[in-house]
């Protein structure tokens, strides 16, 4: 093994610090540069809406299935959206088959909160017959290859165009007529990883995520407002650092939004 | 519950079979003695107990009223459920027998899945709303090898013994039709079960193949084909089990064997069924 | 349920029995040759199969093995078609694990487990048909299976149930009486020295009835015990006679010759 | 089933809209009209096959396959150490896990694998194990995870093909590459590689008394059948014909896979 | 900004080492963070002559350190090393040779569940701690298996340190009234043996009740405690 | 501001109950204890967190809170002191859920157990109505600040403009000072009681 690999295996952190000092990363990206992102939409015909996103090696695909159910008593004419992030043993060697791991459950809850706070889909539109029949959207996000930065990939998918079907009177269902759901907002997340108070990198890979001591995610919506700021522990940041992270975040979000547009339109 | 055999024992058995001699003196196409008893469990609408050599299976059929599938409104439903009782051995205690239970119940529902086996129309009561659900529960009390065939025999005889109470359909005041059971036990309808398939599993040992393998023989089986054979020789489902592979020619030959043995077995079962119909019920006391 | 008049005026019960009369008991030992000990018991329409494996090495690691006495492990399961309406019984449901524990406690009182230190005895009970006082039938069948397995027992523990119907105590409760809502007392008795190995009461009962109910149940246990002893005697006679003569080779019928009753 | 506490609460009963369709008409029309199928393929013509290796960076070996619209992805981990081992065996262990994604079928599938998926996992194991040299990794285990992203007919045969490609990519020593194909018989003629609407399903009222579907997994070099699975009522004559057709289809499929693997090896070499 | 005897919270900067020139010794509860020294535990800032500063904090969990006397419960008495639970995160090991007069053949009679009074010969956070009941020249000095008939109970660590403090009169007063044997170990375990079980329990309650008393109030506390005890019994 | 009570659970090495107008949480800390072999870390102690809601069973929401608490403590608690051991933190919610009340109760319990910490932290939840009490929606932003008022942890829901973020941060730093004072006074009360002897 050349000496570089030995050095990396023995002292991973110092190896990384060497790169960070010259403001570059082992895979050639600059600190604030994200990996190549590709999006393709509607790859599955059976799902009402589906999308697959690839950020570097992290591949995540999501399918949305719409079903009919009776609404809850407290909100009679509100539809229900149930997101679920699923990390099958397929996506990483660390995961065994069995109930979802803590990481999967945390991401599920986080995406649920982002959905609620950015009210991406107006619950009222999902109502078929108030207090009798209402749509429930099962958004199942399956991670095919876990290489860091799960939240960004999962959130990009949140925007498949869901085709919902017309109903008349008693529950018949007409296959032909489908109306697509209007999405009121497009929350896009960017994740940063902080090595120490000044070396902050964007879009960490799994390796960088394990080495850094704390990563945080900022989600911006259409009008570049913050709809979620999630920083669980890690190096402490003061206001000024937060602001310049926000700056990078805006740049990244614009580039992704344009990517989304041509994916959906094509 | 594979018996643990040493390598040399396996070779001894395989060579014996290649020359057509089996450990308990049977010919390759012979089945062990089948003793059959009907309506062993009075609580169930129909039940049967099969002893195939030292395999012991109890099957019970209960019918309850439930909703039909939306896709098929005027037909009843059959639901299979297999339960490996711990009596058969300590390894089936707790969750031990789960994968065998799944394997058998899936194969049973596959074999009974097409229309020709059981006429489900007579199970339909009110199209779209109510129909008979036939719960077929199989309890495996002892696994002496070739458990799939024993289960299929038990299921066929339990269905033969099933009495479904007649039903009157009255129009209630609110205009809905209502189901009303007759209360005298004597008038019931019987389903015709002669088209129900029987499983025949053929095991390949070395070059020879053997029907109705005992526990020892199935321990040294490389590959096994289980096929559900109907009275008229049609095969309604079949599957290759165990982790060995087979030549194409031997597969065709084994299918031929299955059909021949299956038709014979059907005949013997039907004769035993008519015998057992009015035989005294002895149950486990024999 | 209450509409049916459980106790007719000439104080006959619904199934024609007198209040202190037991249901017909049929037994057979040695049902399954491949098990160490097995038994089949019919109390009226309640039919139960019990098998015993052991004493053998403790499964589940050294942690569970007890240096000075045997570990008894029971599994109680009810087949789906056993009762009138069909219900698949979860093997790991709360009530089945509770019944398992009760069986273990009752059998611990009877088995001389210090003879089988660091071993495990598995007792599996399968209810084929259930028509009331299932637990009593299970315990009696387990005792017979233990005897068939030749495991040393202090005494033949027998179990009987009793309940109160219009002020009269009634023994060996069937399904109709059990579901009529009155309190059911289940007693497991070691008859030789009158010790109660297991007692359980469900439902509400007036205090002074308890005395009467307990006597009636204990009396029931004693009668069942005599019947069981008789049956075991017959079983031994048929088998031991085999034992003395030159034993004919019966393929597949394993011999159970010598049950050890301390 | 105890409520699934590890996921967000879900409304108890929800009906899938596609089950409300009453258009039996779609099922009535015969599979073959003027010897062209619904998507105007010939009887024995396979759908377009697209296979790609090394799709998952984390796995030792992974493969992605598209047969028509049926999409399956599979990853192979191992040979790796087995935590709790019950019996000692000189041979290695193979364990498979087959799963439909919840959105892959018209009817939504649950997260927890139901009986059908457990049974198909066992059949996948039986199909692959004759081809793997288990004695090359004693006391270790190779884990294969297959996930169906979209089910447009013969999903299980696509899963077997995808799993064998993933094994090749993980450079696990194989005697042969198992390749699987499906054949559907509708009473009149045999069609290869059926789509979802052409697949046998006992719901539909049967056109003729005799119809069914056969799946064969074949080891082309050893000329042996490693898995055989047939549903529906067929006479043995029809069974033989359909098996022959399956084997021809697997041979065609085999050539396609060989090119795909050669490309991959070439790209790694230079 | 804070001086001796002050309450200090984690994260406070400590910079007035005015009392001592040159080298400063930082005891438990203080840590160097770059140039400054910060407190890492809540407690009182204490100073002792030459240059020792530390923070006295009250902990319930015992952290083993070298040469401290502890009372342990033997959990595994088989084999070479006995496993002893001393209330810390890991069980300590006690070799059967570390008893007075123990040789390869004459093994000390120790069963599971016995109480052992021993000294921590090795106590390092990275390695497993080791106990010994013998000092350098082979004498046990009261250490070893505790006889039966005693009663052991747990008290907060600072109370145990207070009891062991030379000028703490509590044990002396109680000793005057009734004959008893007491051991107060550093891991917060106190072992008492007296004539009758009733007295042992009474003494135990007295000790735990005296947690927040300072020295002068102890005299009359013990007096009325004792006559209540005897009044009750006579 | 809330009331704090120490030593609520006698068996625990450190426990505290923190009651505010919005919520009420009890936290118990078990100092360096035996660690399960699978979770053992050689050079530092592993932190295990369990959160139990007022009623019902634990699901993904509790997992998210546990992750937030665990990562916050990872960067604050000096785990190097006790290698190959575990610090277990268990929170029982008495009232409905409020992240800042839970985190404050955890900090107080750690102080009670005298677990070595680099710095103390205080959690503040800022709602839109705190800033300019005109708007009604209840979107809140939770901050956890350390002694020199830097953001350790933050979790927000609802939509926040950029300048609203700055406002919220300044509001949080003001409130954090009073919380640290509150910590100091409650610790003093506890220590003086013990120190008097």
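So that you can tell them apart, the chains are marked A, B, C, D, E and F in the order they are listed, and the count of residues begins at 1 in each.
What we mean here is this: a contact is a pair of C-beta atoms (placed from the backbone, for glycine too) under 8 Å apart; a residue touches a chain by one contact, two chains touch by 3 or more.
Values in this document were obtained by computation on a predicted structure and should not be read as measured data.
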Worksheet item: Going by the stated contact rule, which chains contact chain E and chain F alike?
Response: none
Item to complete: Averaging each chain's C-alpha atoms to get its centre, pick out the one most distant from chain A.
Response: C
Worksheet, complete the sentence: dist(centroid_CA(chain B), centroid_CA(chain D)) in Å evaluates to 27
Item to complete: Express in whole angstrom the distance between the two chain centres, defined as the mean CA positions of chain A and chain D.
Response: 30
Item to complete: Could you please state the distance in Å, as a whole number, between where the Cα atoms of chain D are centred and where those of chain F are centred?
Response: 51
Discussion item. Based only on mean CA positions, could you tell me how far chain A sits from chain E in angstrom?
Written reply: 54
Response to the item:
Residues of chain D that touch at least two other chains are 6-8, 20
Practice prompt. List, in ascending order, every residue of chain B touching at least 2 other chains.
Written response: none
Worksheet item: Of all residues in chain C, which are in touch with two or more distinct other chains?
Response: none
Worksheet item: Can you list the residues on chain F that touch chain D in the complex?
Response: 57-60
Worksheet entry | Residue ranges of chain D touching chain F (in the complex, touch as defined) | 5-9
Worksheet item: Hey, which residues of chain D end up touching chain B in the complex?
Response: 19-20, 115-116, 118-119, 122-123, 125-126, 129-131, 202-203, 205-206, 209-210, 212, 219, 222-236, 239-240, 243, 247
Discussion item. Considering only the defined contacts, which chain A positions touch chain F in the complex?
Written reply: 102, 105-106, 108-110, 112-113, 116-118, 213-214, 216, 221, 224-239, 242, 246
Fill in: Partner chain B, residues of chain C touching it in the complex
26, 28, 31-35, 38, 40, 42, 45, 47, 49-51, 53, 56, 59, 75, 77, 79-86, 88, 91-92, 122, 124, 126, 128-131, 252
